[in-house]
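In what follows, a structure is listed as structure tokens, so that the remarks can point back to it.
By letter and in written order, the chains are A, B, C and D; residue numbering begins at 1 in each of them.
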Amino acid sequence: MFDFIAGHYNYWFIILLISIGMYGMIFKKNLVKKLIGMTIFQAAVILFYISSSVKADTTVPILLELNESADVNRYINPLPHALMLTAIVVGVATVGVAFALLVLIYKRYNTLDEKELIERMK
Amino acid sequence: MIERHIPALLPLIFLASALLIPMFGVFKRKTAYPFAVTASLSAAALSVYGFVYVLQNGTMRYYFGGWIPPIGIEFVYDPLSAFVSVVINVVALMVLTHALNSVRVDQEGRQVAYYSVVMLLLTGFNGMIITGDLFNLYVFIEISSLSGYALIAVGEKQSPFAAFRYLIIGTIGASFYLLGIGYLYFMSGTLNMGDLAGILPMIKDSPTILVALIIIVVGLGIKMAIFPMHGWLPDSYTYAPTTSSSLIAPIGTKVGAYALIRILYFVFGADYFSREFAAADLIAIFSCGGIIFGSVLAIAQKEMKRMLAYSSIAQIGYIGLGIGLANPFGFIGAVLHLLNHAFMKACLFLVAGNLRIKAGHSDITKMDDSFRKKYPWTMAAFTVAALSMVGLPPLAGFFSKWYLALGTIQSSRWIYLAVILISSLLNAVYFFRILEKVYMKSPIKEKADENSSENIKKDEVVPSMLVPALVLAIGLIVLGILNVFIVKQIYKMMPEGM
Amino acid sequence: MQHSSSSPIILLLSRAISPYIMLFGIYVVLHGHYSPGGGFQGGAMLAASVLLIRIAVEEKVHQMHFQKGLGIPLAALGVIIFFATGLVSIFIGGFFLDYNMLPLPGLLPAELHNAGILIIEIGVGLTVMAILISIYDNLLEDDDDV
Amino acid sequence: MRIISYFSLITFSTLLVYASLGLPYRGDAEALVNKETSPIGSPVASSYYIKNAYNDTYTPNIVTAVLGDYRSFDTLGEGVVIFAAGLICYLLLRREKKNAAQ
């Protein structure tokens, strides 16, 4: 039982983070807060990949000795790191576009509150 | 020689054009459109050629960087992806032909960036169709989604808010998908679709795989706008400019549907998602809900573009129903409807755009007899597409519904059959409402001498906007006639063991 | 943005620090093979060095430093570097992005791969730098109009 | 409406907790991800990278090797995404000024 908890607690913390992010996206009425929720969600998913890529008794995936064959059990799994580098960039791009949209919305309606926006759009 | 590179070239042509447009656009703004339309034309030609080639020579695989999967990234160009890429690229070519004038009107002074973003959108779509790697699919989903948000946000005054809502929901969808493939990856150790399909039967008892399937379906369902996840769609389609909505409505949701088909049928396998537990039934039930919901709300709309948006929700429901049936007829129906609906929706949105430019509005309540006299050919295209939507036999729309109905009969799901029949009736209601006005109702005689029928002159739109709509409408008739041939090809696309 | 009130210390310090940040950014891009780093991280640093000047000094000066209109074409150039690297190998007869086909004479296959990675990292770094600056510029574009 | 939202949030979290029960233990060297060959005999990507990255690319940083070589097409996609973001900001914001000036 203890082993199980020690082996899975990272997943549960990440679920907590995901829930917080989703809560922000669903319940907050301010668009910037929605965006913050979205960022938390993305960060949680990225954290999921990174925290799951660890391996017991290993080190970072930069070779210590430059010889022909490296020991697989000495370095952690490099693939999730490479994937998440891409995912982080995608996240940055999304946030950039979202801010551009927010600037545009604010210029046209002078508010970022969802309820007021829906009122003013009618 | 070039055949070997077709899978990679399809997205890369668009990418190259997206990169060259801003480079040359700095010096001369007018170069944007020729670049865009040339790229689209060559991609359409290449995809048709590739489809024929694949049908003769079998599936092609393209290894990026020369690394054999699962080490590297692989593109899989099989009959199904070749077929969908033909649909996408041909429709995109038609819409871009139409764009020559409509973008000049809508996007004054920002055509260079607009066309470049359109090219990025098509890059994303083509990549999503052909890729054989789960994470690569995510990257292409994001490319197409980001461009999609932008294309929606350049429309009317309300469009940025619609686009922002789409962005939030779309990012939830993409993150769900990323989380789902994360589960699959950490369970199986591979990201390659073919490899994963081989490993999954050995680990399928784990709860993680089940949840991964659910999350991926939800994530792609948001992209595809299946019923409970459709919230972003009506506003986005309504407020977007003509070219954007006629690109995103027929193509975007279809590519989402294709990605769902690819993952459900070719990675998880029809057996797993339909028999081991009720995922298939859930998809089918939600799709049926969407069919009814979309059709009923479409009847309630007064604005043509908004009506088309709700009708899109219903039509996507058909594709979802076909996917959820998980039997051969359902598969044929889904793929065939993917083709037909792309043509029908593109045609209808182009017509709505033409009306907006010429008549200044696309408000259904204000339509009357004069529309037919002023724009006879536009209205002819509309009529063909509307009849095809309703499902009159010689037109293409009938056959996809026919195969879906056969599918429901094959699995003895009579309720689904009833839903298909009722929704056809509802389709008829909301399209005949317009047709009746356009063909029967004489204009309100406020200014009698101006509007009397002798004085209404033909005021058709310019050819570059008329021809694409007409070609798509004729295409619907041709597709209807050729349906036996097409269905024969779809048989070749089915996953093994169905 | 109003810069008239910025103090000379800020002005001096940011102008002094910026080149070093830029240098470190270039180091991170080029040293990505041996230590944590690479195109995106280095590009973000390069952007930071330019943005520091943008924040600190007035518009007339920072436009001399990095012009507004330069962002998008430079980013396109970065992606084109990447893209062309891939395309070269198609023309020589390999798959897209197959570094074995790079036309660099006298290198072993593994060294070719090493060089290929370096080229695309430079492309990515250029793109990231140009785009981050361009996003900043565009977001602050017309504060005065509103 | 709020109740539905709460319900879906809680359902989703529960679903994820359920999924986490089946995930491999944290740091488990015997998980399929960390093995050298998969059950169907194909090589497992991450182990292949660790073993061959230096031979193939002379690059000690394996993450760079994966990012720049083995999965370089993803990186091209990454570049395109960030390029798209910049272009979109330009498209959305630059023209506002022009319209306002008219």
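Operating definition for what follows: a contact is a pair of C-beta atoms (placed from the backbone, for glycine too) under 8 Å apart; a residue touches a chain by one contact, two chains touch by 3 or more.
These figures come from a predicted structure and were not determined experimentally.
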Result of counting contacting C-beta pairs for A-C and A-B, higher pair: A-B
With centres defined by CA atoms only, which chain is the most remote from chain B? C
If you average the Cα atoms of chain A and of chain B to get two centres, how far apart are those centres in Å? 29
So the centre of each chain is just the mean of its C-alpha atoms; given that, what is the distance between chain B and chain D in Å? 26
Whole-Å distance, chain A centre to chain D centre, using C-alpha means? 10
Send over the residues of chain D in touch with two or more other chains. 16, 20-21, 23-24, 33-34, 45-46, 49, 55, 60-61, 63, 65, 67, 69, 71-75, 77-78, 80-90, 92-94, 96
Could you list which residues of chain B touch at least two other chains? 15, 19, 22, 64-65, 135, 139, 142, 146, 149-150, 153, 160, 185-186, 191
Residue numbers in chain A touching 2 or more other chains? 18, 22, 52, 62, 79, 83, 85-86, 89-90, 93-94, 96-97, 100-101, 103-104, 107
Which of line, ring, star, complete or other matches the graph of chains that touch? complete
Chain C-facing residues of chain D, complex: 55-61, 63-65, 67-69, 72-73, 75-76, 78-80, 82-83, 85-87, 89-90, 92-94, 96-97, 100
Which bits of chain C are touching chain B when the two form their complex? 69, 72-73, 76-77, 79-80, 83, 86-87, 90, 94-100
Give every residue of chain B touching chain A within the complex, in rising order. 135, 138-139, 142, 146, 149-150, 153, 157-158, 160-161, 163-164, 167-168, 171-172, 175, 178-179, 182, 185-186, 191
Applying the document's contact rule, which stretches of chain A touch chain C when the two form their complex? 60, 62, 85, 88-89, 96, 99-100, 103, 107
Provide the residue numbers of chain B that touch chain C in the complex, in ascending order. 5, 8, 12, 15-16, 19-20, 22-23, 26, 62-66
